[in-house]
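Multiple structures are listed underneath, in structure tokens.
In the two complexes below, subunit A is the common chain; its partner is subunit B in one and subunit C in the other.
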Partner chain A sequence: MTTLEDPAAPIAIPIRPDETKVERHERFRLLLRSPTFLIGCVLAGIWVLCAVFGYLIAPKDPEAPDVLNKLVGPSADHIFGTDRLGRDVLSRVIVGARSILVIAPLATILGTICGTAIGLVTGYYRGFVDEATMRLVDAILAIPLIITALLAVVALGPSRVTLILVIGFVFTPIIAKTVRAAVLGEAQLEYVQAARLRNEHGFYVMFAEILPNVTGPIIVEFTVRLGYAIFTVATLSFLGFGADPSIPDWGQDISQHYQFINGGVWWAVLFPSLAIATLIIGINLIADAISQVFER
Partner chain B sequence: MARFLLTRLGLAAITLFLLSVIVFFGSQVLPGNVARRKLGPFADQAAVDQLNHQLGTDKPLYEQYWNWISGLFHGDLGTSLSYNLPVNQLIGPALVHSLKLAAFAFVMVVPLAILGGVVAALKRDKLTDRVITIGGLSLTVVPEFVTGIILILVFGLWLDLFPVSANAPDGSSILTQLHYLFLPALTLVIVLFGYIARITRAGTIESLDADYTRTAVLKGLPRRTVIRRHVLRNSLLPTIAVIATQTGYLIGGLVVIETLFNYPGMGRLIFTAAQKKDFPLLETGVLIVGIVFLVATLLADLAYSLLNPRIRYATAE
Partner chain C sequence: MNDAAIELQDLEVAYRVRGVDRRVLRGVSFAIGQGESYGLVGESGCGKTTAAFAIMRYLPRNAKILNGSIRLNGDDMLGMGGGRMRRLHATTLSMVYQNPAAALNPTIRIGPQLSEVFTLVGVRKEEALHQSEAMLHKVQISDPKRVMRRYPHQLSGGMQQRVVIAMALAKNPTLLILDEPTTGLDATVEAEVLDLIDALRQEFGTSVLFISHNLAVIAKMCERVGVLYAGRLVEQGPAQEIFRDPRHPYTVGLLRSIPRGGVRKDASALDTIPGFLPRLGADLPGCVFEPRCGLAQPVCIEHEPELYPVSQGRVSRCHFHDKAQELPRVAPGRLPAAQSANGKPLLEVANGSKTFKQEGQDVLALVDVSLAVRPGEVLGLVGESGSGKTTLARVLLGLTAPDEGSTLELDGEPLAGKVEQRSREQVRSLQIVFQNPDGALNRRHSVRRIIGRALDKLLGLHGRERDQRVNELAESVRFDEALLAAKPAQLSGGLKQRVSIARAFAGEPRIVLCDEPTSALDVSVQAAILNLLVELQTQKGVSYIFISHDLGVVRYISDRIAVMYLGRLQEVGDAETVFNGPHHPYTEALLSAVPTLEGQERGRIRLEGEIPSAANPPSGCVFHTRCPRFLGEICVQEEPPLAEVDRGHWMRCHIPVEELRRLQAEVPPAVQPKTTT
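Showing the complex of A and B:
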């Protein structure tokens, strides 16, 4: 990391691999000692397990309707009650983790890869491309994320791929901005100048020299964005622009049962709501802990 | 100062231009054939061509963009496809409704969040601090519709204190209107609290650690005076900037909150437009949201530089 580099030192001392390893180990140890991180891992971990094993651990078939037991409150048979078609709410909450935990990480990975590439190039070469990209970032940031996503999903038609592409596309400039800022700082350091003097190719300098030294901000940005991605996917599916109406999905289940609240049916909306809340809080606690460890 | 203003205005103008291009492409180019969409898949090709000609959608893109943008400058925001009304007639009242809701939320959240942030900073790393920061962060990241639904369940259904719909009956007094607006405003407050409190906390901690604070303490000023005159004065500066950047986020949140509480504001108008594929209404709505955001950040930058001479002189050089 950059902490080992002293900009005032006359000669750049390359970091030996074992030192980096020690530092990585130290960072990991700090993370494991952070209660924020551990609570976040437990909360998010539960939902990851549900997403992976979904149908195997669900007590009932989440898609089997039961017309005789519609909107029945929580009981021994249905711990979280049943929904408007008589489906078991608990099973739907368990299985519903999958759809969101597939779309959000894929979108974030897409955004991180594209954003990192753009951030490296604009931060390293500066100049016109840099200026133009940053103005574009400002323009995209001027529209709230959810409205940009709404616009794009309406224009392209809702589907799983659209959601991933749209969220990835919106994240790209935001991540690019963060990476660019980190690269600007790195590009001043001696090891970059040394690589330049060795006449290394620009791509080599960017991807082999600078990239390994800016992984910290990239990891932090990735976890923060992951939280936003889950937020966006959940909100879009609540608004009726989700991936697929036939797959159990928290946001969609909430929007379909919202009208029954006045009739006293609280279980069909409360439990999926709590599921979304705990997952997002979990991811953000992890992000918070990671950023504290990396920024110390 | 004049130069600083000009630079900021110039940058805002460029951003606005790019924004309009993005919105134009998002709502007029991506969806494909306008007339085909309007007439349906079974319409005669000749009729489609004729309507496209009539609407001007068969012209080259730059010409379409020019027509759209010059219409905007002449106050012609187009006609809504789903309401069959001029777009500006729809947007005016919606904007007023949203402003009411947002103003109510801001009046509650700003003092509350600043207080929370300052308290957290003064009790740094103690339990109070952890509760405020972690609690605030957790509340901020939960989607508005989840927060809103839990508030509706608790205050609307179980405690029966506040109405679930945000629409007060026509002609009701200000107090009744605020009573109806309380739950949606509280949702916004919860979402915004953590963010503003976090920035206030960071700013306060920075000025608590600063040399001038140490000097003030060492020369024997009472703690209260140090905090009020030396710490807060410097720490609230970044908070102002952050509150302004939250306007964009605020409007995004309004889409969900207004839909949830069935409140006829800007957010719900944009959502309805999206649902009905009413592109003229959608694109103008999004553009206006962007303009509101840019103006708010511009004003915040100005306020920030007026209050902070260091920035003003740095850019003037």
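Showing the complex of A and C:
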């Protein structure tokens, strides 16, 4: 049955202005009707709110140590307990959303822009440049992503900008591959030949003719990568290569407390971990819903 | 009717789209007798396939049967449960789809795939393989053992469709549904497959429901025919009678829009059907065809006509069925006369060759083609797929650079092989209308932007001047200015093709290549587009190179014809000379493959097998392996030259033209049932 077309679909519909708008908003409407998308938005939305309002909604000062109340379990005063310096875990989890939610999206945007440009050029021009670039991309992808990132951070010295650049760079080849595949399909279509038949510059063909037709796969890839970026940022800061040791950060908090788990101090690790997990799940649910709508 | 194999009674089907039930079948009733072949015709969106799916119970999930009944051998099918339905699919119902490649499982070899039909009803495995082999033999596959070891993708389209037909007939079904079974095939292959279906139907005594948009195919294959329009059966009766003497304005309109019987553009314009198919599920209280009917009276708006009996076994759903043929013409009877083509050649290609490298092999897509296009003429280019028509077009346009040694000239000036190296003047002189209007227009750009950009780049027009020119172009292709802001997805196929034509004409071209510009369109839309192309051509004095596999269309529009086979020109001459003969044996075979509405068959010449591979073409005359008039050793040894056999009539054949004339005047050689490899 999957090979059969929906008989309702292939009918050529002569224009009807009243349905034009409906058509345009069809995708958005489908997204809003998808429970996957809505749950994803709620999960991710909570953390976005925390990132934006951070210090304003945190119940306590996340950086104020309280030596008398070190490693106290969850209680009415400290719902998520306190850490090894007596700082409020709940406040640190809330404020910690900011650093990850700044670095990960910016890095993903950077990777998407570079990857899209490379994918367009290689997919449209093919030939030697394409061959060479794709072999290089394969080589980069053969090295575990986290090791590439680690080496680069060590070389450049950890900072927020470094993290963005490094993660953006390691994502570029992956996104380039996806975009290239989509461009290869589009470049076969006759409208690209029609553009050549009016002496259109390659730049125009790539960015004005082809690019608008491959936004679907790019958006899908972007959301998927965003999930991975969050994971990568958390991993790097867990390994001690975070942006700034003085700012509350989930990965860093986990790494500083996992040695206490044996002593029964689970809260200082569990809550930052849950934060990372829910954020990634939220983003992945959104990615799932988007890819379903775009690729159906 | 108690002896009916299948009987549909008042069937109503709706699709649920955006929360609203939209009716696609509005009470369809027909019956197919035992062993009868019944054709269902109508343009796309009329509900033909929905009717077939309703019978197979393959309707998509958003479909609902609102009313009516379907009886198979007298048993009500709609009440049947899943188990009984599965048994029916295994034993009594079969369907063949348009695309055989999608109907076969690509991962299973033909043998096991076919024998599954037998094992499903309890035949033992070895016995099933044995029967499969016999079945493949029946569909005229000469080496079934070898074919059974192959995967579907290793077979050509025609062979795949034979296998699908073998699978469908293997269970000796009561009813076989054929949904456009030959639409994707070349005319020569189509002819063979149709012959095969006809022969097997008579052998097995199967009832057939044949669905096609091609009236000539239906006329050839079916005893009775039903015409479907907007989910309503509007006319029904014996096929020959309906096509000779239609009694519903829709049938009349459809028949008038087909170029046939050797009609040419200078004799008369094709008639068209104005307006659009009503939208899915629209509320139509009166006659469904009333909004587009030239005969409509107030009564047609108020009262839906019943199926009036016209004569024995014939009905028509029209209040004025006795006057149906007086339907006023929409298109003008005559098109403005074209200027006669003369003068120096406008575009010339000499020794044009193109070799593609494919897996280390040289594929000779174009071999030594020399051809000239004169100002103001329409040159038709015909041949099976794989004959090099599109490659020639791409070489002329500069989209594919020809091999070294080929020369292209425009107005006597050399023309670079790559479009990027041509002057703006040369680029805008040569434009194209593509086959597939969906791929030809950027779906993210508005129509105004699509046409405007061409004006900008080719003529250097900007601002208000350009906008005004866009409006003029839209008007010249009868494209409503109000739709200029629309995106292609919002337009029907015919409208999209008009945009494509407007874009091709934007740079004031001198030669427009038309690569199957109407093959994706319904016949009434095709007629309107052909009329428009003829009108633009005479108005602007451009030349066309018109590529098509539809010989009726080519004959209608062309002044001269070039016939290609395996990348070589086989025959070039004035349209009437080429069509009336004496023709090249290949042309003769192409012509005899096309079913005609008139019913009388031309000489039945069937080409054996498929076009050979261009990577490994036959020796001597490349056509000798399939030639119906094969002479002997000389054809295998020596390639005949393209010689002028008459004034302006060139042919590549060893047989002297007088001999061909004599042979082709005779009764055609009898067709022996042949098996293909």
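By our rule, the second predicted complex is superposed on the first by the 272 of 296 C-alpha atoms of A that agree within 3 Å, B and C clash if a C-alpha of one lies under 4 Å from a C-alpha of the other, contacts with A are read in each partner's own complex, and residues count from 1 in each chain.
Heads up, the rule we're going with is that a residue touches a chain if its C-beta (ideal position, glycine included) is under 8 Å from a C-beta of that chain, and two chains touch if they have at least 3 such contacts.
It should be emphasised that the depicted structure is a prediction, and the values quoted were computed from it without experimental measurement.
In the overlay built on the shared chain, the residue A:155 is in contact with subunit B alone; subunit C does not reach it.
In the superposed model, A:200 makes contact with subunit C only, not with subunit B. Counting the residues of subunit A touched by each of subunit B and subunit C gives the higher count for B. Of the two partner chains, subunit C is the only one touched by A:209; subunit B is not.
In the superposition on chain A, contact of A:135 is made with subunit B only, not with subunit C.
In the superposition on chain A, no residue of subunit A contacts both subunit B and subunit C.
Looking at the complex, you find that subunit A touches subunit C at residues 1, 3-4, 6-8, 10-16, 20, 22-23, 189-191, 193-194, 196-200, 209, 212-213.
By the touch rule above, subunit A contacts subunit B in their complex via residues 36, 135-136, 138-148, 150-152, 154-156, 227, 231, 234-235, 238-241, 251, 254, 258, 261-262, 264, 266, 269-270, 273, 276-277, 280-281, 284-285, 288. Of all residues in subunit B, those touching subunit A in their complex are 11, 14-16, 18-19, 22-23, 26-27, 30-31, 134, 137-138, 141-146, 149-150, 152-153, 156-157, 164, 248-249, 251-253, 255-256, 259-260, 270-271, 274-275, 277, 282, 286, 289-290, 293-294. Residue ranges of subunit C in contact with subunit A, taken from their complex: 15, 17-18, 22, 24, 44-45, 49-50, 53, 58, 60, 62-63, 97, 99, 102-103, 276-277, 279-280, 397-399, 419-420, 424, 427-428, 430-432, 434, 436, 439-445, 453-454, 457-458, 483, 486, 489-495, 503, 507.
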